[in-house]
Amino acid sequence: MAGDTVAAWSPALALVPAGVAAALIRLSSRAPALRETWSLLASGLQAAVVLSMIPGAAAGVVLETILVELAPGVPLVLRADALGCVFAALSSGLWVLTTVYSIGYVRGLHEHAQTRYFFCFALSLFAAVGVAFAGNLLTFFLFYEILTVSTYPLVIHKETPAAVQAGRMYLAYTLTAGVALLGAVAWTQALAGTVEFRPGGILGPLPSGTLWPLLGLLVLGVGVKAALMPLHSWLPVAMIAPTPVSALLHAVAVVKAGVFGVVRIVGYVVGPDLLASAGAWSAVAWLAAGTILAGSLLALAQDNLKRLLAFSTVSQLSYVVLGVALGTPSGAVGGIQHIVNHGVMKITLFFCAGAIYVATGKERVSQLAGIGRRMPVTMGAFAVAALGLAGVPPAAGFLSKWYLIRGALEGGQWPFVLVLLASALLNLAYFVPIIVSAFFRPPDEAGEGIAEAPATLVVPLALTAAASVLLGVAPDLPVAFFSLASRAAGEILGGVVR
Amino acid sequence: MIQEHDSVIVRTVVRALVPFIQLFALYVVFHGHYSPGGGFQGGVILAATYILIALALGRAELDRRVREGVVLLLSAVGVLIFTLAGVLGPLRGAALLDYAVLPVPGVAGPPVRGLGILVIEIGVAFGVAGALTVIFCRLAKAGEGEEEDSA
Amino acid sequence: MLSDHLPPFLAVVPLLGALLAPLLGAVRPRLVHPLAVAAGAATAGLSLLALREVLARGVIRYHLGGWAPPWGIELVLDPLSAFTAVAVSGVGALALLYAGPAAAGREGREAPFFGLALLLLAGLMGMIVAGDLFNLFVFLEVASIAGYALVATGGGRALVAAFRYLILGTVGASLYLLGVGHLYLMTGSLNMADLAQRVPELASPRVLAVAVGFVVIGLGIKMGLFPLHGWLPDAYTHAPPAVAALIAPITTKAAAYALARILFSVLGGAEGLGRAPLLTVLAWAGGVAIVAGGVMAIRQTDLRRLLAYSSVSQMGYIALGIGLANPAALAGAFLHILNHAMMKGCLFFAAGAAAARLGGPALTDLRGMHRRMPWTTACVVVAALSMIGVPPAGGFFSKWYLLVGAVQGGQPVLAGVILAGGLLAVVYMFRVLEHACLVPRDEDEHAGSDPALERREAPPGMLVPLLALGVGILAVGIWNAPIVSGVLGFTAR
Amino acid sequence: MTEILAYAGARYNYWVYIALMLVGFYTMIAHRNLLKKVIGMNVFQTAIILFFLSTSAKLGGTLPIVPSQVTKDGVAAAGLMNPLPHALMLTAIVVMVATLGVALALLVRIFRRYRTFDEDVILDRL
């Protein structure tokens, strides 16, 4: 069960590199090389600090830093437990690659306002790790809002009217959600007398009529970032941001903060017992199942590659929610695993989309005919990640789906098995045509002279593609994600899963 | 500019009355600490005489008798007298505005407070008389100013 | 010696400065601004000292002239008044510093301007330390009269705005005085501590209700509480930048403090007012103010007017916290006095600087601001986030306490209003931010992304107070817990 | 009925101040002329001052000035008027005068700029 809690500085230390880097980047606005160095250094340091905590977390040792008091009785506490480490390791590990990729991308496209770009990027990662390690709801909310605000300039990066419009929509959705979450936090404080995350939840038996409104506020609060239907509309629109932003933030950091929030709230605030007693499990699960199917169906209809990926994200995120909402140990393991697996595979796909855009300027699925011959590495990685996402072994997607299906069967909830299988088929239905046309259709004439994108773009995407296979074959290598996931699932549901 | 009043009666009566009114004003000021009256009332009466002069004998006559700048300075001095008398308390180890500790040779006990109040009243009288006179002067002059640039 | 006389000196120091300003102005006009800054800084320093003393020694009661209350005039410093004094004098001192460059180019006007500004500060500090209701009135009017005159220095439309402010403000003060008169008739006392003992023994709650009603309406006008805010938007919009930066953050706060002081220290808060629904009405009025002010702010195209209506909205938060009258909500209300003073100060400072450098106060004039005035823009962003309630800016935490207070007080609708107010702030503040940070100026369209674009950052005299407030907003946010539990005496259950 | 009348009549000072206050208030609201608004404001303030002063009055009361000799036997307070409202109102009058001064100064400048005191005309020109 929940391991020993040890006071240590490491969780706070994990926040330092990104925070300091943000300041340094802002100050070295006139030196691009310096700026990028800070980013790289910070991402490397952050990853190192987070990784150093993982063996302990996997063994059940929870490191905890209590900083200032946010409010009397509510400290700013950072706690590196198993669940937090999953998200933190994912975000910071992928940040390293994304930084390399970003450098190639912004240079390749001569983007403007690069200082702001790297500044906000560092700030977002600062907030993402803060969200991961937040030890109570108020701390969580604090970093959650910083994440919202710091990603806004990235969404509107292009500063075109469409981008500004997208930014407004993004803010409208996420800040409304923030307000709902804040209300829920205050309500929780009033009901439970604390807002601390505790395995098994902090809300005792509630007065009648409060559970559903409170749950509604909480789900609304985190559901927007988790892109639960019908709160998902901002995500495809936000794809107007530069591709590395879409890749890391809108495939990993931001949306995963949302599903991570769902897991946190289900497991550590509301608690499985309360949910089970009210029959709320199945409500959340059906919401997730609906999102899975609808997201996949909508993805089928997209021509813009990034929008397609966005709808695929909408669909895949709900796997995580579904996994936790199944209420069975295997389901929870699968769901938490899928946070990582989907992150790695989706970022690969976004990297590919960005590499194609940098190399060819193409953004549409219909323009990709024959491109696989010109950019074999990119499209190869794309194929691996796409098939993995659909659940084809040996890539990682298979593993998490396997656990999800097992979890559904354990709970005797066979309709969800059908949903998962149907979604896998839909995944194939929208990914396979892309791969087939990229490799086996002749290129159009205008495609002459197209070559592989620069190495700074190709190397990260090849690495993530490799990682997605590795995670499927050996889920505890190189990072003990599987152990972390099963420990977290055990904490939530009160049982150890093997 | 306010002109001299047409009626010779008004002018003469005002000329004759002003010194008496001013004397009365001083009487009101100096009785303030133990009977009805005081600095404000006395100061207002004093200011009234100057306004009377301006209205009956014309603004030029007022300017001949007192300069506006000097009046303004006197009113500031009045406030300073008040402040200094007040701050003497803390300087001598008592509360602000505590006149019991004022250094008055030959007087002790409650009468010192009375004298302290008198000092204050004198300050107030200077301040009020000066300020009211200046307010009148400025307002009277203001109506004749050139039109403000309308932006 | 100094620490024994802190309560009167808080008001006397700026008052002395106000008297010396015209004298110095006659001799050395250039030294008037340094004098004003010194007086303001001294007041702020004394306030901090007072806060420390109060926290260390407990309540300081000072009897003017050595006359004991209830006959003599009493000045009181307790943690709440010392806290408000720090907030008001701190922001006031920064506004005085800011006013130097902002008032530049008005040669010969320094002495009256800074004299009035210090008089305003003296009045506000007097209101805060006053221990009886009548002196509160006098200081309220000292501050208000200085305020009318200051607004009028804008000339033109500011004259009409100042006139309306004067008429409404005088009505407010008169109503307050009338209420105080009734209280005096019933109890025979004006001293707050004395009244607090006598009010519960009163036989006629109806007369008490009338008296309190007059007091609340009077102070409501002074604090710009919707729907009594009629004077506020015009006064803030048309006042010169230096004046708006001084008046907008602090005058309404002192009135709000006075309201809270009377309702809780004199009338005994929720228990003392008993069945009278006064506090509930106040809370709901605050809620209406939050929404109405926010909605009106959204419609504005002039930055200063937008900020003025946002003040109406933010004052609603304070009224709401006072009306909810539980410890968490009161902590939120008082913290919001500090926070709103800082963020509104910051935004008005920035508005003035932007008007001076970019040509006007309209939202469209702000375009391209982030390139020309990066530091100012950064401060605007911080203040805007605080206004919206994004942690870790200070504004979030006052709203958090208010929210907890509303939930604890069993007022889910008001809790919803607090949250909705944040969303309204999102809309109006992001309109500002979009213009300042996103939309390029017309001339920039041709210049492209030329890095040689002229930097026109505000002069140091303006930038320093701006940055001080920007940092202060974040610092108050991060260290709000010691303030709330240590100074405001709020502790979690 | 007669009791009510007697009750109301005995407090005629209230009626006077209420009437004056309303006159002042009406003038402030109804008149377009800014100068008349100021006059209304003054009436309004004066009403409150009268109210305060009336509360201190006593039939047959005299000035509350106590010769220093009469301290042993105490003073017959019933025969003296309450001095405190007078002191307060003296201060209130000062405040009123100051407000009036500022108001008049404002009016002078408004007139110089707009050449009228008519609020509607001024609002039109804004």
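Letters A, B, C and D name the chains as they come in the text, with residue numbers starting at 1 for each one.
Going forward, a residue touches a chain if its C-beta (ideal position, glycine included) is under 8 Å from a C-beta of that chain, and two chains touch if they have at least 3 such contacts.
Predicted, not measured: the structure shown is a model, and the values here were computed from it.
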Chain pair, C-D or B-D, that carries the greater number of C-beta contacts: C-D
Relative to chain C, chain with the most remote C-alpha centre: A
Chain centroid nearest the full-protein CA centroid: C
Separation of mean Cα positions, chain D and chain C [Å, integer]: 29
Chain centre separation (chain B, chain D; CA means) in Å: 23
Separation of chain A from chain B, taking each centre as the mean of its C-alpha atoms, in whole Å: 78
Chain centre separation (chain A, chain C; CA means) in Å: 43
Multi-partner residues of chain D (each touching 2 or more other chains): 105, 109, 113
Contacts with 2+ other chains: residues of chain C: 155-156
Multi-chain contact residues (two or more partners), chain B: 148, 150
Sites on chain A touched by chain C in the complex: 68-74, 112, 138, 141-142, 145-146, 148-149, 153, 156, 159, 164, 168, 171-172, 175-176, 178-180, 182-183, 186-187, 189-190, 193
Chain B-touching residues of chain C, taken from the complex the two chains share: 1, 4-5, 8-9, 12, 15-16, 19, 22-23, 62-66, 155-156
List of chain C residues in touch with chain A within their complex: 385, 388-392, 396-397, 399-401, 403-404, 406-408, 415-416, 419-420, 422-423, 426, 430, 434, 437-438, 440, 449, 478-482, 484-485, 490-493
Partner chain D, residues of chain B touching it in the complex: 34-36, 38, 40, 110, 132, 135, 138-139, 142-143, 145, 147-148, 150
Contact set on chain D toward chain C in their complex: 25, 28, 34, 37-38, 41, 44-45, 48, 51-52, 55, 85, 88, 91-92, 95, 98-99, 102-103, 105-107, 109-110, 113, 122-123, 126
